[in-house]
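Just below sit the structures, each encoded as structure tokens.
Next come two complexes built around chain A: one with chain B, the other with chain C.
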Partner chain A sequence: MAFAWKAAGITYNRYLAVAARVVRRSLKDDKRLAAERRGEMDLRFAKWENGKQGENKSLATANTEAMAQHASGSSQ
Partner chain B sequence: MLSRAARPAFKAGAAVALRPAAAAATLPIAQTANYVTLREIEGRLKSIRNIEKITKTMKIVASTKLTRAQRAMTESRSYGQTSNKVFEEAETKPSEEAGKTLLVVCSSDKGLCGGIHSGMTRATRRLMNEHPGDYDICVLGEKCKAQLSRSNAKELILSFAGVGKDVPTFADAQAIADQISLLPTDYASIKIMYNKFINAQSYEPTVVEAYSEEAIAASPNFAAFEIDDEVLANLREYALANSIFWALAEGHACEQSARRNAMDNASKNAGDMISKFTILFNRTRQAVITNELVDIITGASASE
Partner chain C sequence: MNSLKVARVALRTRSTAVRTLQKRSYADVAPDKIKLSLALPHQAIYRSQDVVQVNIPAESGEMGILAQHVPSIEQLKPGLVEVIEEAGGSKQFFLSGGFATVQPNSVLSINAVEGYPLDDFSADAVRNQISEAQKIAGGSGSEQDIAEARIELEVLESLQAAMK
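Now for the complex of A and B:
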């Protein structure tokens, strides 16, 4: 079983998030607003090395970047 | 003559009146005149009243948030338990082989909620001391990060901020799970530590296990589910996100209820202080009047 999204370097969770977003966006306006609030994610994260905190980055952009990298790495 | 004799007794009385309030508030009260000046007490009273207003408002806000958080918690709990049902049925055990364990500590960004974050940190440290060197820590929320970075900075590898502003969403949990699964190190198991909500007054740090692929594959009843090896990684990621979501929601509910309690206590203490200071204020006022009267009478009797 090969998944197209797996080949694109997307994790299962990301795949679910995208699918959920599509469903939420296709809802009617009144329901959509309430539903889209559940899909919001505004986290920041930092990597630590040897007891030092690294740069604070937005989690959403970092995740997409990491997956894009993963995808180009696996296709080569 | 009489007034001279009366004065030391009066002074002693004033000192006694001062003591309960001073002990409760541990104020640097100016003891020069043996009674606090009226203006000082007045200022003090005013500031305590303001603090009481703030804590009361925070308590109300926390109460309303608590009902929402509790609803989210019960929903996410049944969700997480359903997700874990697979592993229960498959009788999955955490893999015995020695390897690093990732400890995900679920706290939040905000304080003013009693000791739940420190309780969390203490439980983490206890766990780390039992098996030193086996753990890496991933912290969700600023509070535990600040505490753990002082003692276990070497073991910290990831920290997330922005947790606990609102009821945690599944999108939060998914993004965190993604970032964790993208970590270069392969962990033998992932442990998620969160505050378990027992009732409005009590909660305890609890650990929930998120299994590694090997552990899932090695579980005795695993064959009954007929899961392909390829989708196993998906299951693991998904289960991790589910568990994190559960932990976050439950931790959030605990935090809100702890904040409500903390603010309730703070308002109560402020009320106590206000009543004590009001009494002290009135006593001092009377004392000042009496003192002045005594002075006047002494002067009058001396000039006769």
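Now for the complex of A and C:
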């Protein structure tokens, strides 16, 4: 089974998150407000090297960059 | 004469009782029912409840699952899951995508990220999002933005078709 989104480097995890987000946004207003809170994610991470903390990065931005890197169109 | 007949009847009922006991252990499901668990990360819609049939939108095609189905794992498309309950009524839920696992002994587990009854969706919200996603899908954004807009379109079109 070939999925078109795989060619753009999108992972299954991201695919599920996008599908869930659009389902939440399609709800009637009262349910939507309660549900959309579940979609919020603001994780940050830093890589530690030689006992020093590296740059603090947003996970969402890092994921987007990784997906662009893994797209079959770009050089690897 | 009469008491003999009574004794024979009693004997017969006991022998059938013994036979059913041997056949079924406590974990078994009634022979024509499936034990359904439909779980979201934040809520369990069904917890091992006996139902008659479940129709799921698998990536390999729409399928209806009855008791004694062969064990299998199916990836679900964003779509409508229909549960036919014991009382004869049926319930429909729109799931955003996930997996259905048919286990031996008529046990079915469905996992999805989001799932709501059709009544909870707003036709206006769906229509607005379709036109927005179409704009992004046909625009000049990044490859990832276009791919995500196409995923959204797939979900929205399935939802719109289910609501009609």
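Following the convention adopted for this analysis, the second predicted complex is superposed on the first by the 69 of 76 C-alpha atoms of A that agree within 3 Å, B and C clash if a C-alpha of one lies under 4 Å from a C-alpha of the other, contacts with A are read in each partner's own complex, and residues count from 1 in each chain.
In this text, a residue touches a chain if its C-beta (ideal position, glycine included) is under 8 Å from a C-beta of that chain, and two chains touch if they have at least 3 such contacts.
Treat the numbers as computed from the prediction; the structure is a model and nothing was measured.
If you put the two complexes together on chain A, you find that chain B and chain C both fit without a clash.
By the touch criterion defined above, A:Ala19 lies against chain C but remains apart from chain B after alignment on the C-alpha atoms of chain A. Taking the C-alpha centre of chain A as the apex, the lines running to the C-alpha centres of chain B and chain C meet at 90 degrees, rounded to a multiple of 10. In the superposition on chain A, contact is made by A:Asp29 with chain C only, not with chain B.
Judged by the touch definition given at the top, the superposed model places A:Asp42 against chain B, while chain C stays out of reach. Legend: residue contacts after superposition of the two complexes on their common chain; A:Gly9 is shown touching chain C, with no touch to chain B.
Contact with chain B, but none with chain C, is seen for A:Ala60 once the two complexes are overlaid on the shared chain.
No C-alpha atom of chain B lies closer than 5 Å to any C-alpha atom of chain C in the overlay.
Overlap of the chain B and chain C interfaces on chain A comprises residues 1, 14, 16-17, 20, 38. Chain B meets chain A in the complex at residues 149, 153-154, 156-163, 165, 169-172, 174-179, 181-182, 228, 230-231, 233-234, 237-238, 241. Of all residues in chain C, those touching chain A in their complex are 41-42, 59, 78, 94, 96-98, 113-114, 116, 120-122, 125-126, 129, 133, 142-144, 146-148, 150-152, 154-156, 159.
Listing the residues of chain A that touch chain C in their complex gives 1, 4-5, 7-10, 14-20, 22-29, 31-32, 35, 38, 64, 67-68, 71, 73. Across the interface of their complex, chain B is touched by residues 1-2, 11-14, 16-17, 20, 38-53, 56, 59-60, 62-63, 66, 70 of chain A.
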